[in-house]
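The next part holds the structures, each set out as structure tokens.
Both complexes below contain chain A, partnered by chain B and then by chain C.
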Partner chain A sequence: MNKYEIHTFGLASLSLLLTTLVQAQPLDGRDIALKMHAADSSLDGRRDATMLIERGDQRLVRKLAMLNKKYGADEKTLTRFVEPADVRDTQYLSWSYDATDKDDDLWVFFPSENLVRRISGGGKKGSFMRSDFANEDMEQRVVDDDTHTLLEETTLDGKEVYLIESTPIAAKARDTNYSKRKTWIDKKTWLALQVEYFDRRGRLLKRLKQGGIEQIDDIWTATKLIMETPRKKSRTLMQYTNVQYNVDLVDSVFQQSSLKR
Partner chain B sequence: MAIGICPTYITAETASDPFAFDLSAIEKPKETWQWSGFVQSRTQKFMSRHGWLSKELLAHLELKGNHRQWRSFVSIDARHDRAKRSYRDAWQSELHEAYLLYDGEHADISIGKQRVAWGVADGVSTIDRLNAVDLRDPIGNARTASRRPSWLIRLEQNTVFGTLEAAWLPQGKDRTLPEFNSPWESPGLHSLRSQAQAGDIELSIADPKKSEGGLRYLYYGQGIDWSLAYFNGYSDGPVYSVREGNRITLMPRRSHTYNAAVAFGLARSTLRAEIAYTPDAMRENQRSRLWQAVAGWDRSFDDNLYANVQLFWNHHEIGGDEHGLTYAVSRPFFDDAVTAGLRGQFANDRQMALETYFDYDYDDQLKIGGKLVAFDGAKDSPLGTFRDNDYMEISLRWEF
Partner chain C sequence: MSPNWTGRLLQIRVASLLTVVVLTALALMQMSKLQVDNSNEIFFTSGDPVMERLDNFKATFGNDDFVFILVDVEDAFDPDTLKRAGQLADRLELEVPHLLAMTWIGNVEWIEGVPGGIVIEELIPDLTVSAEKLRALGQRATNDPAYRDRLISGDARSIGLLLEFENYPELDIDPRKDSPPVIHSLLAEFNDLETHVVGGPILDYQMDHYTAEEAPIWAGAALLGMCLLLILTTRSIAGVLIPAATVVLSVIWTMGLVATLGFKVNLFVIMVPTLLLCVGIGDTMHVVAEFQQSLRAGMNRAEALKHTLGLVSKPILLTTVTTAVGFLAFLTTDLQPLRDIGVQAAIGVWIALLLTFMFAVPVMSYGPQPSRTTGGKVHTPDIFDRILAALAGWGIHHKMRIAVAFSILIVLALVGINKLVIETNTLQDLPEDNPMRLSYDYVDERMGGAMSIEFVVDTGKADGIKDIELLHKLDRLQQFLDSHPLVTQTSSLLDQLKQMHRAVHENDPDAYKLPERTSQAAEYLLLYESGGGTQLEKYASFTYDQLRVQARTKTLALTEIRELQGPVNEFVTREFGDRVQIYSTGTLPTFEHIATLIAQGQGRSFLMAFFAVSIVMMLTLGSIKLGLISMIPNVIPVAFALGAMGWFGWNLNMVGLVLAPMIIGVAVDDTVHFFMRYRRYFRELGDYDAAYRETMRTVGRPLMFTTLVLVVGFSGFLLSIFNGPIHFALASMLAFLSALAAEFLLVPVLLSWLKPLSNREQGRAEEATNTVSP
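Let's turn to the complex of A and B:
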């Protein structure tokens, strides 16, 4: 082995060692949150959603059609209400920005007046269509709006999971109903299998379970969700159907001029 | 058509598999043709005088069609009023909207009878003029006038610089007048009609049925929307009178309005503003320049409390200015089953309209509503004209 070969061998060994060391570094809470956030690797997509709200003897049904498209870290979504009849064809268009200092843009379309109207992004803590979901639960939360701590690696329903605790950063604490969230994340699919939401006093407020997990267009997708509010003895079932990814939606779909009855 | 919940929507939910439900069993609306509607009973009773304003049963039907890039929409109303009123037939039916829309990727065209709202302001708008105020039943709510869909052709062209929109009403707006002896009839019009009935004068009310239209350029962007608009058309009601001997003709008058509007998000609020200039408005039976401005703020708070306030100001070249504010505050309660709120307006000459209301969604089909509406102001002012029309309303609606 000449001097050059020794040098090359040494560099390769060092490189391998460093790679191994880096790979062996355990994931921290933020790494896991980032991987969960990246589980949906699609560029765009469409899906229909049906919600059944069970509250005492009452059964309420909501149907939605949803489209989304990503622009780097930003995202545009269009949600059309299909049921119930009194909100049919009402549509929400949102342009969401990853930057924490940038407010989202939001427009609503009222079919009875053919009117597109800019609205403020407030009201996120309120209920989404009278369901157990809050408006803020319906959107993808920006990873760095919270600090994430890995609590443990454990199992849930026979699946190996990471359990992380996410606490809003000071600048975002007023924007959310929750003082913290605990999320059980499947190591195989990087999907949340269960989320527990805690109120400002640190008491359990709601529990979300996600199932019906399928690989659609090579993307792991939870197609069935159950959100329970134990204190209200209320729960909402939600099912996604007709899920499609990377359907090449044109940009004009997310323009205000596309909002029509 | 309404959805029906299949009794087996949860097929085999067990403690071991909470996801063994299938909501896809819930009937989906048809993709191509959908019909829906509601039946409603609405009772309105005068509060400051004897009698009923209305005891109406209304059936409203809608049919919507989708075929590739073509869309169609038709809605009809049939109503029967059991209140004994001399000024209106008990049975009324009406084609409310009927239009066909071609939804292209860069351009759209719609033809038919439709409601198209322009402007960003709530309550009082300076450019929402493609549809006439329904002067027979002018109160949409204490803050907003109710408007009638117009027969029009509307073109929309989308460019990278924004949206260009043109609307043309070949026969003008669908104008109505309050019937003789209706509680919404102005004292001036009532007096002229009474004199005509007595044979003291000859009165005719003309509707020109001439074309009207407008152009608008809109830009929707990050954090801000703005628009420029122009409207060329007639007033909603007769604002001009011609007297020849004992013959009086009342008629709407054409005017031109130039408008700029902006809406932008600021923190969690939305700020809205409109300015408008009409060089040939009518005032005291003369041409008069009119400048208008509206500025407002609205916000949805975290618990879904909604607040909206808008200030308006009309400066006339002839006669005094008009100014005031409109407001709305509402909040949902009881798991959002009930929404309660206040809305209304204040204006010069002690004008006031106040509405206290609640809407209760018993379930997805049955809705119950109630309201108290009160008016005040100088007798000859627009709102003061209605000061004897305070009423309470109870409504029951079943949607399908």
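Let's turn to the complex of A and C:
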């Protein structure tokens, strides 16, 4: 073993040791939240969504076609309504920013009047199309909008999971319906298997279960989501189909000028 | 009861008394389980269509229960004031149970069109902004019809906090009772703020409180009054204690049984103990009176009891039957609390009879034997005897005058009955200076009303309410409601649609109108629902098949509710025909429905009591003609009582509905005793006037005393803070006194004119006289 080789060996050993040390360093709540956030490594994608909303014996069906593209930590999404027929082709374009101090941008296209209007302000806390999902549940939450605590490592439905509790930071507390969320994150896929949402009084408000997990274009994806609101005796099933990732969507798709027909 | 039976009863007197002790202990334990419930829902029997509509409304649009807190301030937009109100709002939001939403100007949504866009945000996103900015934001609220006089008064000196509740969970204990104590305690903590609180749960809670407070006062006052009267009339300890203890035990047993059977107690059912005290005491009084007479006649206790029960068992059994029948007549009404009263009071009078034998008789058997030397003492006539004798003498000589006087009074009573007004709004039953009523009046004055009528438009198909033609028709309905003088404000999803239309068109004031096309309406609704849309769930059904139009009003009396509903119904029929189903629901229509049920129930229960008691009387007296005559002194008091209520302008409410059948059931007791005695003396003496004198001499006294006991007992209700029980008591007292007057004066006139007692009986009387004569 020459000097160079000794050096190389030494460096390799050191790096292995460091790697081992780093790996042995237990993950904290924020690390896990970051890993969950990064689970979708795609640059862009498209999918169709069908929502079945059940309240008592009444049912509503909503169908949407969604496109998204990432710009670093920011993301642009275009949602087109397919059903119900009376709102077909209504489109929502949103630009969401990772910076905690920047509000998202949203534009709506009304086909019957051929009008585009920029929507500013809140609405995040409102219900998404009368479903059990709130608008805020439909987007990836910025990791540092919350503080995350690892509660325990446990199992859920036979899967090894991290259970973390996320509490909004003071500056964001007013913008959300929830005082905290508990998330069960699959150690293998880094997807949330279950999320419990708690209201301002700390009472359980809603429970999300994610299933139908499959690897699409090498990205773990939950294709079936069930959100329940026990106190309202209501639940929403969201089914994603035709999921595709990295489809090279052009930037102009996400410009407000392209919203009009 | 035969002497043998009385003998057997006396043999087991120890066992009987022990049984009474054990059952009383059990009843007392059960009584602690009694639950109070004064909500409007308790009025309805299951399957009631109005209740079903209300249930449908709640299932579709959520719980209609709300609490409204009015905070009086110097200046609503002073930063410190708003901050303090915000602290109260936060605490309420965090601590009040079953809360769905806490809305105030500090957290309401604001939708506004700006060039090229729409702003959807909270009206005051941040309470820490500068005073000028706060004032500017606040000005928007005072100018917006959606908030002015709802969450802020036009002069910005009153702030409203609206607490809405989720559909209550089904629990053993009424969850509606959970929020008021928390709200009251928080308001006490924020006592630097001047607050007025109204709303269904608060009113309900306060009523429960009054109910729990009043019942013992009524019953206690009734018992005290009756004891004093018994002391005055019987002048003996046993004469007071035995009847009083018997009725108290009857009440305990009855309420214990009521709790065991799972009945809930409400303002009406709570009258049962006092009613029972009054109507249950008669049995024992008759037994004690006759027993004391027997003792004075020289019998020993066992003999006296055998003699007494032989004489009074049949009449007190009969009076129990007739009183129970009177109360059971309430079963013909569609009002649940009345049915409950009917069943409970009927059970109660039977228990009172049972305890007369199980408790009063065994107790009377104890005690020293009256010495034979005092035995056989002749009862010396006292003031009561002299009054009765004078009355009988006067009656015989003034038959025509009596008949004319009663006829005039009956005509007057009938005129009065026509003036009767039914009133079911609980608040109207409270005196005008009651704090609860003052709060409602104040909120009415400052915020334009704390009550509402809800109109539900049911298209019968999903998305039906998005139809633009229908929406325009509904707009006309809403305008019609707005133009009605009794409506202070209306709201519906149409307001949001107009708001969205204006916002989409860059806040052009001319665009504050409904869109032209169904597709536009659908898109605006979509934008509204995805933009937060806090009002959507409240005003549109989940599948958009039903829409709600709310008309806010001040606290309305029943006549006003009908004044409003009538024209609206006509408008709906004219504009909508059969195309959609539109119905009204909510608190005020519920009051209206209760009134309809009262009107129906009044007639039905009166007729039922009348026919049932008539049949019992005909069977008892063995004559149709005599049975019918015997009903006259029972019907007259009903007419007098209701007539007096009409003349004095006392409203007829649920409590008043108890009157007619109860009067028949109670007054008939006098009739049973009077007629049975009268017929007996007629058989003996063969002459109507002589039979009258003898009846008055013997049975007149206990009848007068039982009536006085009823009058004194019912005076307990005069201590109520509600007008209903007070008017009920006064009308009842008048009824009992007029029943006695009719018995003592009119009945002898009718008997001597109509001569219903057969010649056969007269013959039997003559025969008896001849046999007895030497």
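Note that the second predicted complex is superposed on the first by the 240 of 261 C-alpha atoms of A that agree within 3 Å, B and C clash if a C-alpha of one lies under 4 Å from a C-alpha of the other, contacts with A are read in each partner's own complex, and residues count from 1 in each chain.
Methods note: a contact is a pair of C-beta atoms (placed from the backbone, for glycine too) under 8 Å apart; a residue touches a chain by one contact, two chains touch by 3 or more.
From a predicted model like this one, the values you see are computed outputs, not experimental measurements.
A.B. asks: After the chain A overlay, clash or fit between chain B and chain C?
C.D. replies: After superposition on chain A, which the two structures share, chain B runs into chain C.
A.B. asks: Comparing chain B against chain C, which has contacts with more of the residues in chain A?
C.D. replies: So, of the two partners, B touches more residues of chain A.
A.B. asks: First (chain B), second (chain C), both or neither: which does A:L115 touch?
C.D. replies: It touches chain B and chain C both.
A.B. asks: Is A:Q58 touching anything from chain B or chain C once the two structures are fitted on A? First, second, both or neither.
C.D. replies: both
A.B. asks: Please work out whether A:R130 is in contact with chain B alone, chain C alone, both, or neither, and reply first, second, both or neither.
C.D. replies: It touches chain B and chain C both.
A.B. asks: Figure out whether A:R200 sits in contact with chain B (first) or chain C (second), or with both, or with neither.
C.D. replies: second
A.B. asks: With both complexes superposed on chain A, which partner does A:K209 reach: first (chain B), second (chain C), both or neither?
C.D. replies: So A:K209 only meets chain B here.
A.B. asks: Going by the contact rule set out at the top, does A:T147 touch chain B (first), chain C (second), both, or neither?
C.D. replies: Neither partner.
A.B. asks: Examine A:R231 and indicate which partner it touches, taking first as chain B and second as chain C; both and neither are also allowed.
C.D. replies: Touch status of A:R231: second partner only.
A.B. asks: Could you tell me if A:D86 is touching chain B, chain C, both of them or neither one (first, second, both, neither)?
C.D. replies: A:D86 sits against chain B and chain C alike.
A.B. asks: What is the contact status of A:T189 with respect to chain B (first) and chain C (second): first, second, both, or neither?
C.D. replies: In the superposition, A:T189 touches no partner, neither chain B nor chain C.
A.B. asks: For chain C, which of the listed stretches 459-467, 567-575 or 621-629 runs into chain B?
C.D. replies: Clashes with chain B appear only in stretch 459-467.
A.B. asks: Taking the stated contact definition, name every residue in chain A that is touched by chain B in one complex and by chain C in the other, in rising order.
C.D. replies: On chain A, the residues that contact chain B in one structure and chain C in the other are 55, 58-60, 84, 86, 112-113, 115, 117-123, 125-127, 130, 232.
A.B. asks: Write out the stretch or stretches of chain A touching chain B in their complex.
C.D. replies: Touching chain B from chain A are residues 50-52, 55, 58-61, 63, 82-86, 88-89, 95, 103, 105, 107, 112-127, 130, 175, 209, 211-212, 224, 226, 232, 234, 237-239, 241, 250, 252, 255-257, 260-261.
A.B. asks: Spell out the part of chain B that touches chain A in their complex, as residue ranges.
C.D. replies: Within the complex, chain B touches chain A at residues 2-3, 5, 9-10, 18-19, 21-24, 26, 28-29, 36, 38, 64, 71, 73, 101, 103, 105-106, 108, 114-117, 120, 156, 158, 163, 218, 220, 222-223, 225, 263-265, 267-270, 298-304, 306, 332, 335-337, 361, 363-365, 367, 399-400.
A.B. asks: Along chain A, where are the residues that touch chain C in the complex?
C.D. replies: Those in contact with chain C are residues 53, 55-56, 58-60, 81, 84, 86-87, 90, 92, 108, 110-113, 115, 117-123, 125-130, 135, 200-201, 231-232.
A.B. asks: Could you please specify the touching residues of chain C with respect to chain A in the complex?
C.D. replies: 59, 93-94, 109, 114, 116-122, 125, 166, 463, 466, 504, 517-520, 522-523, 526-527, 529-534, 536-537, 542-543
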